[in-house]
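Below is one structure; the comments refer to it alone.
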Amino acid sequence: MDLTPRLFKTYAKQNLSNARLRKAYQFATTHALLKRKEQVREIPEWEELRDKAHELKKEVIEHLGTYLEQLEKKVIANGGKVFWASDGREASDYILGLAKRFRVKTIVKSKSMTTEEMKLGPLLERANIEVVETDLGEYIVQLAREMPSHITAPALHKTREEVGQLFASRLGIPYTSVPEELCAAARKVLRKKFLAAEMGISGVNFAIAETGTIVVVENEGNARLSMGMPRIHVAVMGMEKVIPRLIDLPVFLKLLPISSTGQKQTSYVSLISSPRQPGELDGPEEFHLVILDNGRTEILADPKMRESLYCIRCGACLNTCPVYQRVGGHTYGSVYSGPIGAVITPLYLGLEMAQDLPYASSLCGACSEICPVKINIHHLLLWLRKQVVDEELSPWWEGALMKLFLLGMSDGFIYRLGSRLIRAAMTVSGKRYGTLQVPGWTETRDFPPLAKKTFKQLWKELEKEAQN
Amino acid sequence: MTDSRAQILRKVCQGLTKSGQQPRPERTIQDADQKRLFASARAFGSPVNKFREEFERVNGEMRVCPNGPSAVEFISSFIERESFQTVAVSRHRICEHLNLVESLSVMLPQLRLLTEDIDSENPYERARLKEQMAKVSLSITGIEYLIAETGTLVALAHPAASRQISLLPEVHMVLATPDQIRPNLAVLFEEIQAKYGASLPGSAMTLITGPSRTADIEKVLIKGVHGPTRLVVVVMERSG
Amino acid sequence: MEVSLFIPCLVDQFYPQVGVSLVKILRKLGIEVAYPMEQTCCGQPAFNTGYHEETLALAQRFLQIFDSGTDYIVCPSGSCTSMVKVFYPELVHDHSLRDVLEHVTTRIFEFSDFLVNVLGVVDLGVRFPYRVTYHDVCHLLRELKVKEPPRILIRHVRDIEFIELENSESCCGFGGTFSVKFPEISTAMGQDKVGSIVKTGAEFVVANDSSCLMHIGGCLGRMGLPIKTIHLAELLARDL
């Protein structure tokens, strides 16, 4: 099912009234936050690590060309190949070309938000190539033909019973709702795919410019298998993923797992520098690194929004966001959900496609507070709102109301006159400052009555008191 | 293809014109930063104890043996107890040093032993090794380093050991010595950088922290999704 | 010492007693209070909705009105204080206003922050024999980093029973225009906040922002609960 960010409000209402879903999101997000907190408590340098990560990302993004060229040079020197793709179509054409050249029938894929973003799977499947998602959560979502509902936990929205029914119907196994049995069934099916696949596609968490190494962080081992078993390994990276040096990596390896799953370290971190080297007993014959732009250079050109490219896709801002916690990932209609999704989805797809998203936040700032690379996420949302207004995408009546409001506030005299007029009108209409109906508010909440006297009026009495 | 490369780099350059494009490596991590940022990541007493504590936290199983022969003894009884049918042994120095393949074949004559003795440049032999490795119950390997802070094992792709030997079998057992332990990754990467410069050794370096795991179904922790269900480390106090 | 009062428009129109209480507290401490009658609104509602250019006019107006000789500017709202202190510098780029901007942003304080951190006052000698809980106002907490001062002031009140609120740092769901643009989400957040408040068994919920209290109170009222909302300034001025 294809979702769209245009329907944020519709999805929000639907998903809010789904009690089962609400509970699932609440449980999963609370769980992740709690585990994170326990780990952070043990690290007195946590804030300094965040500052350093921010500084490193800033350095890279502000010298992106230099670092990308350094990375490219080193990957090629190591025996890999590098392809620069302006958009998803170009990247998938390149991968398709490779697949044809090597007569690829099956591709195993590990979890990668970048490939989700460019819808790589469906593009390749159209060429009659079997593309298998191998992360358990992604596999579930692929079998159900759905979108991931969380950056790091794609099948967060599914119950064990739903997964059981899905596996029974799609894999032809007897129904079970025991997670261990479901996992074992997936392992069996996917193990065969790993052994048969001619090509493996992975994402990239970090790419070290200095050594020409890509770094992939995971827990299941599916990324290691996707990268190591098939003859060809294609790694797809968003161009912002580069970091300067090997010794910069530990900062990120400390921040990322704790922020995303509350693990001190994930089960596996792979540092891949080249295809199989002579003498080595396994590994792919070819290693291709696809560097993807897909709108990132435009974000880079905006000095305010540039900061969104620091994101390391940990998902912590989703977990802590009071909006995400309640409406869930699918509501955003985009592979990137939650606060950071509300920032980057409009940047990738265009504001007119996703103009509700920048407003889908109470601006409480919990996202910026938790972000391991200190992106000021809620401030970025504010600047996007400005763009919505500047591009005249907001409803006309909102603009009109704002004009009226600003007029009322533009002058002390007008303001005081307005206060008196409203009070007079309410007295005349017999409402006694009471039952004011505010559309969007009073359907579900009480609205307070206007005070009989404003502070401005009361101040005069206070002044007299002071004189006495 | 070169068109996109030039176009992307041009757009990057244009987008950044204000802030310029000079590399400023001095703004990345300095040695002083490193010490400060990872201060608590080295503030522990015995590295072996810290490693054990962290390793067991991530469901790793650790055994300390006083010397080589007692380690071999332990391995053999472990295989018997778990009734493993097929065991793969890497050509890591430590396995060779213990003469592990021969000792096990004498101690457990029924055991099917797989070694990685293939012509590495022959794709058919590599493909066959892969098929065989996928059927192994237990693999026994050496390892490059151990990280105390997180209970992590650091493996390298190697002519003596494949990448898959630590991944495909159901149980992975690692032989190690205390001198391989480093306090944290920052220290290790500094050491690697000093030793190898800007080219990492081998095609792949893998940090392994506990068995393969997932929590993708209702946050229930399950071990052994695609990789090993169990991870065992045998630390020999003396390798002789 | 002389202090200028910044009374947000919401307080002026709906909760003037909050302003009156603040005046009483400051006067009790021997501070001379000035109230610039020309003030209206800091512009936050327009700014947060994306109408930045329009807000700029209000910001400039605000800066001129408060560019006076008083020692401090004190405001009973964390949100409106943060608008001036944190967001004006991001909004106002006019060089001719740079000094004024600095003169205003360095003098403005949210009132609990002012009492505790500027004046060093923690005890106003007030008695309030009720069970209360405290909700952290997002902007006060995260933009202005004020977490302890309100708690310190509450703890010094005689006969008060203070219970910490579970998830006191989660947003109440108000968020300005967010509350009417996404009423379902906003209400859901408000109802969850009420749920935590109910759990404390408190008779009063205290916060340092009338907008949050308006939302929490609106939810409490519609849910038919007898728990009352009270601004910390009102609580502290009870006996004055």
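A few points about this structure:
Here the chain labels run A, B and C in written order, and each chain numbers its own residues starting at 1.
Here is the rule we go by: a contact is a pair of C-beta atoms (placed from the backbone, for glycine too) under 8 Å apart; a residue touches a chain by one contact, two chains touch by 3 or more.
What you are looking at is a predicted structure, and each value in this text was computed from that prediction instead of being measured.
Taken as a contact graph, the chains are arranged in an open line, each linked only to its neighbours along the path.
Nearest to the global CA centroid, when each chain is reduced to the mean of its CA atoms, is chain A. If you average the CA atoms of chain A and of chain C, the two centres end up 32 Å from each other.
Look at where the CA atoms of chain B average out and do the same for chain C: the two points lie 54 Å apart.
The touching residues of chain A, counted against chain B in their complex, run 24, 27-28, 31, 42-45, 48-49, 52, 55-56, 59, 62-70, 74, 78, 83-86, 90, 94, 134-137, 140, 153-155, 158-160, 163, 179-180, 182-183, 186-187, 190-191, 194-195, 210-211, 213, 219-222, 224-225, 227-229, 239, 244-251, 253-254, 261, 263-283, 285, 287, 291, 293, 297-298, 300-301, 303. In the complex of the two chains, the chain A residues touching chain C come out as 9, 12-13, 16, 322-323, 326-327, 358-366, 368-369, 379, 382, 384-390, 394, 398-399, 402-403, 405-406, 408-412, 415, 419, 438-441, 443-451, 453-459, 462, 466. Interface residues of chain C facing chain A in the complex, by the touch rule stated above, are 7, 9, 11-17, 19-20, 23, 27, 33, 35, 37-41, 43, 45-52, 54, 57-58, 61, 87, 90, 138-139, 142-143, 169-171, 173-190, 192, 214-215, 217-219, 221-222.
Those residues of chain B lying in contact with chain A across their complex are 1, 4-5, 7-9, 11-16, 18-19, 21-25, 27-29, 33-34, 36-41, 54, 57-58, 116, 118, 120-121, 123, 126, 129-131, 134, 149-152, 157-159, 161-164, 167, 184-186, 189-190, 192-193, 198-200, 202-220, 222, 224-228.
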